[in-house]
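Shared between the two complexes below is chain A, which has chain B as its partner in the first and chain C in the second.
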Partner chain A sequence: MALAQFAKKAVAGLGLRCGTPLLSEGGSALRGLLGSRSYSLVPEVLKYSEDHEWVQVEGDIAVVGITDHAQAELGDLVHVELPEVGSSIAAGDAFGVVESVKAASDVIAPVDGEVVEINKDLMDDASMINNEPYGDGWMIKVKLTNKGQLDGLMDAAAYTSFCEGQ
Partner chain B sequence: MRRQAAVAFLRALGRAGSEAPASAASGCRVPAAAALLSRRGFADDAALLKTPLYDFHVANGAKMVPFAGWSMPIQYKDSIIDSTLHCRQHASLFDVSHMCGLSLKGKDAIPFLESLVVGDVAGLADGTGTLSVFTNEKGGIIDDTVVTKVSSDELYIVVNAGCRDKDLAHIGQHLEAFKAKGGQVDMLLHDDRSLLALQGPEAAAVLQQFVKEDLDKVYFSNFRRLDIKGVPCWLTRTGYTGEDGFELSIPGSHAVELAEALTGDARVRLCGLGPRDSLRLEAGLCLYGNDLNEDITPIEAGLTWTVGKRRREAFDFLGGQVIKQQLADGVSIRRVGFVSTGAPARKDVEIFTADGATKVGTITSGAFSPCLKKNISMGYVDKAHAKAGTALKVNVRGKMNDATVTKMPFVPTHYHKPPQ
Partner chain C sequence: MATAAARPVPGTVVRLLRLQGFPILQQLRLEEALLRATPHNWFVLNDGTLDPTVVLGVSGKPDQLVHLPLAAQQRVPLIKRFTGGGTVVVDADTIFTALIMQQQSLPEVAAYPRPVMQYTEQLFAAAFAPHGPFRLRENDYCYGERKFGGNAQAITKSRWVHHTSFLWDFQEERMALLKQPERQPEYRQGRDHLEFVLRLRELLPSRQRLLEQLCASVEAAGFRLQDASLAEAEEALAANKLCGTHLLDVQQLAAAEQERQQAEAKAAAAAAAAAACAAG
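Entry: the complex of A and B
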C-alpha cells in the first residue's frame, strides 16, 4: 500500500533514533528495521503531536497512526478500536483506543476532520501497529477541515527533542 | 493533565503487575502518551524502596515502576507476551524481594497462627507449606499468604508487599494479647533476605546445577534449607505462575550473585511484574486487592479448600462463625473465570445476564492471555450464574461483549507432585 511504501522510503532515508545517531543503512525494509531495533524511528516527512500520533498529509487527506516510540512504550497491542467511517473527529479528543496486554489507552486526534477510511486489518491483528507503526499499522484517514492545525504539529526534529525531554 | 494521566497509567500498570491493593480502576483509559513518562523519574522516586537487585535490574534493561512503595521491574527487554511465553516454555527469574517474609518461633507458634488463618497448620508435615488466608471478624480476607511449617515450633510466612503494614499490625496486636496470656511465640522479620522466584518447566534443571540435594525428591509445597552455590538459602517449591518452580529466600548480600548465576544459564530470562500478572491470571490465581479483599470470604473466593478439615470442627479463627454459616447455607456470590470477546474485560467491568438486562457481577482481574490468545478474566457473579458454560455479557466501554463462565486455571498448571 501507498503508505507502507512511503514509510519505507522515509525510514530508509531519514529514520532517526530518539536521542542517538541516524540509521546508517539505506534501503532496509521497515519490518527488518523495526524487528531488531531497540530505538525509536521518527521519519522526517511526518508531522507529530504531543500525544505521540503521527500525521502524513496527502492533499486534503491526513493519514494518522501512533509513533514507533508510542508503540514501543505501550508494548504488545492486542486490541484496537477505531471510529466509524463518516464520523467527525476533533483535535485533542480521543478517536480510538489501543489496548496492550496490560492496559487500554486513548488515541488522541491530532487534527479536526471527517473519517474517510479506517484500517480494518487492525481489528484482526493489532500487532501490525507494533510491527509497522508508520506502514501497515496506520489507523485512520481523515478529510481535513482545518488545515491550519498542521502548523501546530511538530516536525521530526522537534518530536525527537520532545521525546527526549519526557 | 497529560502528566497526571501518565502517572495514573503507570500506577495502573504497576497495580496490574502484582500484589498491591488496588483502589483506582485500571480500566480507565489515558492518552497513549501516558506510557511515555515511564522513562522519567517521579518526584517521589527517592522515597521508593529498592531491593538489593535494583542496579541489576536497571543494567538488564528493566523498566522500573513504583509498586507498593518499591521501585520494581514491570518488564525487561522482552515484551510481556514473549516474557510470559518464555516462562511457560523454559524458565524465568523474578525478583519478589518486595514481599514480606517473616517467621513465628516458639512452642505455641502453631496455635497462635491458627487463631488468625483458616488453614490446618498443625496438620502440615514438617517442611511443607500451603496457601492460606488471614481473616477478619467478618470472615473477610485480610491477606493471602503462603505458610510453611518448618517444624512444630517454627513457621515461615510470606505476605504481600502491599499488605505488609496492616498484616504486621494485625499479627503484632494479636501476638501481644497472646503472649500476655502466657503464649510462647516470637515474630521475626526477614528484611535482611531477598526473595527470588525461579519458575518454568526448566527451573528444576537449572537450579539443580547449583545444589547438591536431589530436587526431583523435593515436591510441590516442600520447604528445604540448603546451599545454592554455597549460599545458605531457604527453598520452597511453589510460585505464582502455575508452573513448576521455586521461591528462594537468600541473604540479601548474595542476591545479585545468585541472580547472575541463575540468569547465566541460557534457559533463564528475567521476568517482571507485568508478565507475572499474566502468568498468575492464566493460572487462575488471585491477586490481593483485585480478586480478594476484606469484604470477601474464602468461601466466596473459591478458596474453601484452604479451610482445613480440622478447622471446620471448632472454627476457632477470626470470622470462623461467619464461615461456618456460609459453609452450611452457601454463599450468594462466587469468584469465577471468563473468556470474553472484543476488547479485554478488565477490573471493574460490569457483568450482565445474556440479554444485557440485569447486572449480575463485576470483573476483578482481566487481560489478554498471551498463551491462549484470547481475553481471560475473573470476577464475582451471583451464584445462579456461576456455572461453567453460562453465557453472560461484559460491558466494556459501552459495548456488551459475550463472556462465557470458564473453569480455572485457564492454562493447565504443572506442579511437581509426588508419584501417586
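Entry: the complex of A and C
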C-alpha cells in the first residue's frame, strides 16, 4: 500500500493524471494485466459528479464510490452506512454516510436507480475507501433507471478541472 | 483551505436562535432539520439541557461506550445523534452551540472536516483565548492539556454544521456513565475522564458573559446576527425528510448487555469445567 501511495503522490507532484483504467468486478481482461490494485487519481474510464462520487458503468449497472479527492479531504474513514439492497436512490439525494474526523458526511447519489449490491466489506473496514477508492472501496452497485443522466456527469478531464477550481 | 482570516461574504446573515434548558434530543433534531431543510445560516445557542443525557455519535456502539446497567439504573436517556465523533454526557451545566453554514457564505472554508474545524477554532478563540491557552487539540477544544469542549460535524453537499458541547461544569458521578473509548486522542495519554476534562467555571469568570461572548464571536467573524424565534426554526422540522437523531432504548440495551455477560460467564465456566475434566 505504501508503494501505491508513493506512486499517487509522485504522479500528482508531476501534475499528471494517471490513466490506468479502473478494474471491474466482472473479471475483465484488465484485471489480469493490472492486478488487484488501482493507482489512479482520476481514472479516465470513469464518470464523476460534482459531489465527488465516481461512476463505472457496466451495461445497466453502475458501480459507485467516492473519489480519491474526496477520501483525501475527508481523512481517515472509520464508519460507513450504506442503503439496503432493493432500495431506490435518486440523483442528488444522500444514499449513505461516511464518518471521519468527527464528521458524518453524506454520500450523494450521482444517478437514479435500484441498489442491487452493497460492499459489505466496508462495514468491517471503512479504510478500504481511503486505500482503494476506485477498487476495493467501491460502495454500491445500482441498476440504472435513467441512463441519460450519465451524460450529465463529468469525464476525467472535466472533474480534474473542477477539483482544481474548488 | 480555511485560514485564520477566512471571512464571510459581506452582509452574510446568520440567524441566531437562543435557547435555555432546551431538551437536547429536540435540539439535535432541530439542528439536523435546519441543516437539511433550510438554505439559511444559523447559530444555535442552548444554555444547558434539563435532564442528564448521554449522546453518542453516528457510529457509537452503546455497549462499548456506556456503562449500560448504570445508565438504566439512573434512568439516563441515550441518544444517537446525526453527527460524527464521540460520546458525551450532558446536563444543565453544558453549553451547546451549533453553527450551520452554507459553504457559499464562507467560500474560503471548504466543506470538509479539517477546514471547518480550523475555521471554528479561530471563531471561538475570540471567546476563549482571553482566559487561557486555548486551542483545538486533535479536534478537541482545550485549555492546555485538558478538554473543555467536544465538537462534531455533519456535512451534506455544500452545507455543514459544527456543533459543540462546552462543559461549564459537570457532575463527577455522571462522568462515570462513560467507558474509556477505544479510539482516543494521543494527548489524552490514557487519562480517565476526570483527569482529562476541565470545568470552564474554573477559568472563566461568568457563565452569562461566556454566552454573550459566544454570540459576539460570530459577529466578530464578520456575520450579521439576526434574532430568530423557535417557531421559525421549527418550521424546518416538517420539511426535513432525513432524521438521523433518535432515542435509544437504554433498558433494552442494558438487558441485552446483561444477557450477553451472563452467556459469556456461562461459556467461560463451561470451558473451565471441561479443562478441569480433561486434566483430571
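Just so it is clear, the second predicted complex is superposed on the first by the 126 of 166 C-alpha atoms of A that agree within 3 Å, B and C clash if a C-alpha of one lies under 4 Å from a C-alpha of the other, contacts with A are read in each partner's own complex, and residues count from 1 in each chain.
Quick note on the criterion: contacts are C-beta pairs under 8 Å (C-beta built on N, C-alpha and C of every residue); 3 or more make two chains touch, one makes a residue touch a chain.
What you are looking at is a predicted structure, and each value in this text was computed from that prediction instead of being measured.
Taken together through their common chain A, the two structures put chain B and chain C in a clash. In the superposed model, more residues of chain A are touched by B than by the other of chain B and chain C. Contacts of A:104 after superposition on the shared chain: both chain B and chain C are touched. In the superposition on chain A, A:52 makes contact with chain B only, not with chain C. In the superposition on chain A, no contact is made by A:87 with either chain B or chain C.
When the two complexes are overlaid on their common chain A, residue A:163 makes contact with chain B while staying clear of chain C.
By the touch criterion defined above, A:66 lies against chain B but remains apart from chain C after alignment on the C-alpha atoms of chain A.
In the superposed pair of complexes, A:75 makes contact with chain B and with chain C alike.
Overlap of the chain B and chain C interfaces on chain A: residues 51, 73-75, 78-79, 81, 94, 97, 99-106, 108, 166. Residues 51, 73-75, 78-79, 81, 94, 97, 99-106, 108, 166 of chain A are the ones touching chain C in the complex. Residues 38, 50-53, 66, 69-70, 73-76, 78-79, 81, 94, 97-108, 163, 166 of chain A touch chain B in their complex. Within the complex formed with chain A, the residues of chain C that make contact are 57-59, 82-86, 110, 112-114, 116-117, 139, 151-157, 183, 242, 244. Residues 2, 9, 12-13, 16-17, 26-27, 29-40, 75, 77, 79-81, 84, 274, 277-278, 342-344, 346, 367-368, 370, 397 of chain B are the ones that touch chain A when the two sit in their complex.
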